[in-house]
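Structure provided below as structure tokens; questions to follow.
Note that the chains take the letters A, B, C and D in the order they are written out, and that residue 1 is the start of every chain.
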Amino acid sequence: MADAEIQREAILAAIDNVAARIAEEKSYLTDLDSAIGDADHGANMNRGFQAVVEALDGDDAEEMGPDDLVKMVGKTIISNVGGAAGPLYGGSTMLASAELEGGITAETSVAFAETYLQKVQDRGKAEIGAKTMVDALVPAVHTYKKSIEQDDLPPLTALSKAVDACERGVRYTVPLRARKGRASYLDWRSVGHQDPGATSTLFILEELLETAEE
Amino acid sequence: MADAEIQREAILAAIDNVAARIAEEKSYLTDLDSAIGDADHGANMNRGFQAVVEALDGDDAEEMGPDDLVKMVGKTIISNVGGAAGPLYGGSTMLASAELEGGITAETSVAFAETYLQKVQDRGKAEIGAKTMVDALVPAVHTYKKSIEQDDLPPLTALSKAVDACERGVRYTVPLRARKGRASYLDWRSVGHQDPGATSTLFILEELLETAEE
Amino acid sequence: MKKLINEPGDYVDEMLDGMVAAHPKRVRRLDGTKVLVRADAPIDGKVGVVSGGGSGHEPTHAGYLGEGMLDGAAAGEVFTSPTADQLEEMVNACDGGEGVLCVVKNYEGDVMNFETAGEMAEMEEVEVAQVVVDDDVAVEDSLYTSGRRGVCGTIFVHKVAGAKAAAGGDLQEVTEVAEKVVDNVGTMGMALTSCITPEKGEPTFDLGEDEIELGIGIHGEPGVERTDVMSADEVAEHLTEQVLDDLELDDGDEVATIVNGMGGTPMSELYIVNRRVQEVLGDHGLETWDAWVGDYMTSLDMMGCSVTVLRLDDELKELLGAPADTLALKRMD
Amino acid sequence: MKKLINEPGDYVDEMLDGMVAAHPKRVRRLDGTKVLVRADAPIDGKVGVVSGGGSGHEPTHAGYLGEGMLDGAAAGEVFTSPTADQLEEMVNACDGGEGVLCVVKNYEGDVMNFETAGEMAEMEEVEVAQVVVDDDVAVEDSLYTSGRRGVCGTIFVHKVAGAKAAAGGDLQEVTEVAEKVVDNVGTMGMALTSCITPEKGEPTFDLGEDEIELGIGIHGEPGVERTDVMSADEVAEHLTEQVLDDLELDDGDEVATIVNGMGGTPMSELYIVNRRVQEVLGDHGLETWDAWVGDYMTSLDMMGCSVTVLRLDDELKELLGAPADTLALKRMD
């Protein structure tokens, strides 16, 4: 198998795993969103990833390089999820996909992660500590970058450390007072609840790791 | 005390007793009406008799003969109860009150009862067996009339027998299929439920007897 | 029970005050009554069209006060017919010299109180006509029973009779066209939940989580049949077929429809029902000339809906389509 | 949960089909989207006014399609913003050459998707303006938060902007008058019960039999405060005072008000609330020029209400009072 082919298979496998995991966690995510939002995050994410699986099933996907594949994932999320999660997950994926033009390597994956985070913050204007997906993303991306660039760890190890960092970010959202997203309307009443978007971010990273390990 | 005065006092005492009883049974009557009607018979009857107590409390009442007093009771019911019960109880009372022109005697009370029943049937068009107040009224009125006119019983005894007959009428409504009133919309599903209007008719008669015994 | 109320006994009174407070230029309350009339009633030379009945069906009745529909609306206690004396006052206040048509829903209480009111008003030399609406196809119709209930089809009667009166029809013409609607309309309703009256404060009837009631009326009285939960499509099919069975329409007939909410059902669901209702009508070869979807004749906070079908001819189309400017129903030219 | 639905996933789709089935001459659906537009869109030479957002707020948004209000309405999934690509299609379909104003409720999802759509449409040379409505006074407003929500005051924006566009205003004028409404309107809501979304099928939040939520939004998100049950008068006072605190009106100011139902509350109760709202406004020396009572911006089957107050000037009075002929809101001359 050519290198591009291997990467394509890896992306498809990752998407399948993510989609399956989101489907599994759908009502959990919705429950989290019920407590401090509007009870749709599970349905939103699931609708999006089901659409992605379908989109990647088409003939077009066979011809695409990894960057175009990932771009298509982003676009499909944009046009199927809606809500806050749609532009944040989908738009950032779409825009960051350009970093993968040369294929997926340790370097391009770091660039992808950084750009993805940047785009989430450009669009959503949330700083760390606002009780959003950003609280889970920042430690994950920072850990991944440092593990690869400074500690020279292999990508798999770096990803595994990123997942751990992400998980700490998710737990960290619990005691925070929300300042962005629907949970911000609850103000102090949001304290003590875990952010749904941070949680779905973790699930996605966990499945990427799982796929990479296989 | 003059005879008219005694009758006036008796009517006022009867009204007080009836009003108190209806107030007490308000939610029971409403429960009966919930099962096969629209859950308002208790509130309707109570609103009516509270208004009657107030109306009879006025100065006008002091000058009135028994016929006018009873007429006022009927009118007050008409203009405060509404629904089916308003015209049936109020209209029939108002129209039958003329029978009491010469005061309340054994004869006039029979005439009152007969006219009252007639007016209920004129207005409501219910025959016996339609699962309405008529099923309680007919045996009560017939028993009262026979007790006095054929059996020469004293009015108190006659009334007591009428109450017994009325009660049997009330129980009789239970197995019947309603053909008149809101319960008729339930058709066969009305079988097994006691008619609220028959029940309130019994309560009123029981209080009339109670008052007469005092 | 949780409700936006103060004292249950003040419910109707305060609701009427709130209506007048919202529309002080359009309606006024007759002193000492629970009757609202158009601010400009009586309208000289026009037949008055009035209605009334128990409260709890809002926007029925007072919501239809205004040009092209009702001149007067009498509010009884919740689900209890207004009293005859108030109905009489309404009739008198709405007589512009050409007489008054009373649109009565077929309930014993309403019928008896309106009858008495009519007799009283005629003693005052007001010409009074009555039309009794009995559109509920769920209930068996027979001489020996109270007959069918009047439900949501009544709104079509208000609209058509009101338009005829606005167009200058005399009392007989207005009455005749109202009767034409009654003869050509059918309705069937269902409930997902019972309503809760302010006085009782608990559901009038109990329905399990997996049950619905078919053939309900609009007073929280139980329906004619209890069944398992159905999908919106099945509900739409069942209700529509029952109405069509009753109306015996011909292929190509034009109809007007109402998918009516009982008060607690969101509008989105009514549209979901309407979708299938219109498909079923199409399957029967019928043409929908006008489709209404919304809360027209409610039963407090009950969840559920009813489907009304009216067979049209040219006269009914013209009157149904005529302008109306009421509190709750407006129609432009 | 009992609802009049088929598959929860088909909810929005079937609702839209049901709307088109009810009003085939007034609205049409853009192929392959969840966007409804006026049947005659785009209207040449008129600024387009469009809105959109999650479903579950019916009659918002598509109910306001028609003359004098909206040209386009995009429906997202229940409580979920529509996607940017569909919003862009709507904008393009409603551009009659004079540009399009998007009326956006301040929710991150709506704002982000509309922003993206606007950027996309401008690449197609459509002039696009946006106004973000944030009338909910329950939520603290700050640069560091998402700010206040857009709720029922949005309907006033639709009405006023739509009237200005119908009167021939250009995109800047229409945008300015919309912004004037945003600057002068406030809303506060409360819930007796949580709504139930079709997907989740259970109440989004739990409320005890003796509790209510104050400061709720329109997506079943919990409110800012939970308290003991209050009477209708207390609710009316609380909501109105909170809005007035925020608006800082002057004695003698004229206002328009909405007592809005959240979907599951009967209209009678809304009138009971309106009664006291108008008294409170009077006590503050304010004059109500126009009072709306009904379900304008709902939250599925939630029981509860919101109170909206808009400070008026002559321009706003003229535009608010201008004719409109939409599915759910009509106003005669």
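The definition used in the following text is that a contact is a pair of C-beta atoms (placed from the backbone, for glycine too) under 8 Å apart; a residue touches a chain by one contact, two chains touch by 3 or more.
The model shown is predicted, which means the values in this text are computed figures rather than measured ones.
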Path length in steps (a step moves to a chain that is touched) from chain A to chain B: 3
Separation of chain B from chain C, taking each centre as the mean of its C-alpha atoms, in whole Å: 32
Between chain C and chain A, distance of the C-alpha-averaged centres to the nearest whole Å: 54
Sequence positions of chain A contacting 2 or more other chains: none
Residue list for chain C, restricted to those that touch at least two other chains: none
Category of the chain touch graph - line, ring, star, complete, other: line
Listing of all chain pairs that touch each other, if any do: A-D, B-C, C-D
Parts of chain D lying in touch with chain C, wherever the complex brings them together: 2-6, 11-12, 14-19, 21-23, 55-56, 58-59, 63, 192-193, 209, 212, 229, 231-233, 235, 259, 263-276, 278-279, 291-295, 298, 300-301, 303-305, 323, 325, 328, 330-332
In the complex with chain C, residue positions of chain B that touch it: 27, 30, 34-40, 42-44, 47, 78-88, 91, 123-124, 179-182, 184-187, 189
Residues of chain D defined as touching chain A within the complex: 54, 76-86, 107-109, 112-113, 116, 136, 138-140, 144-146, 149, 197, 199-200, 204-205, 217, 219-222, 224
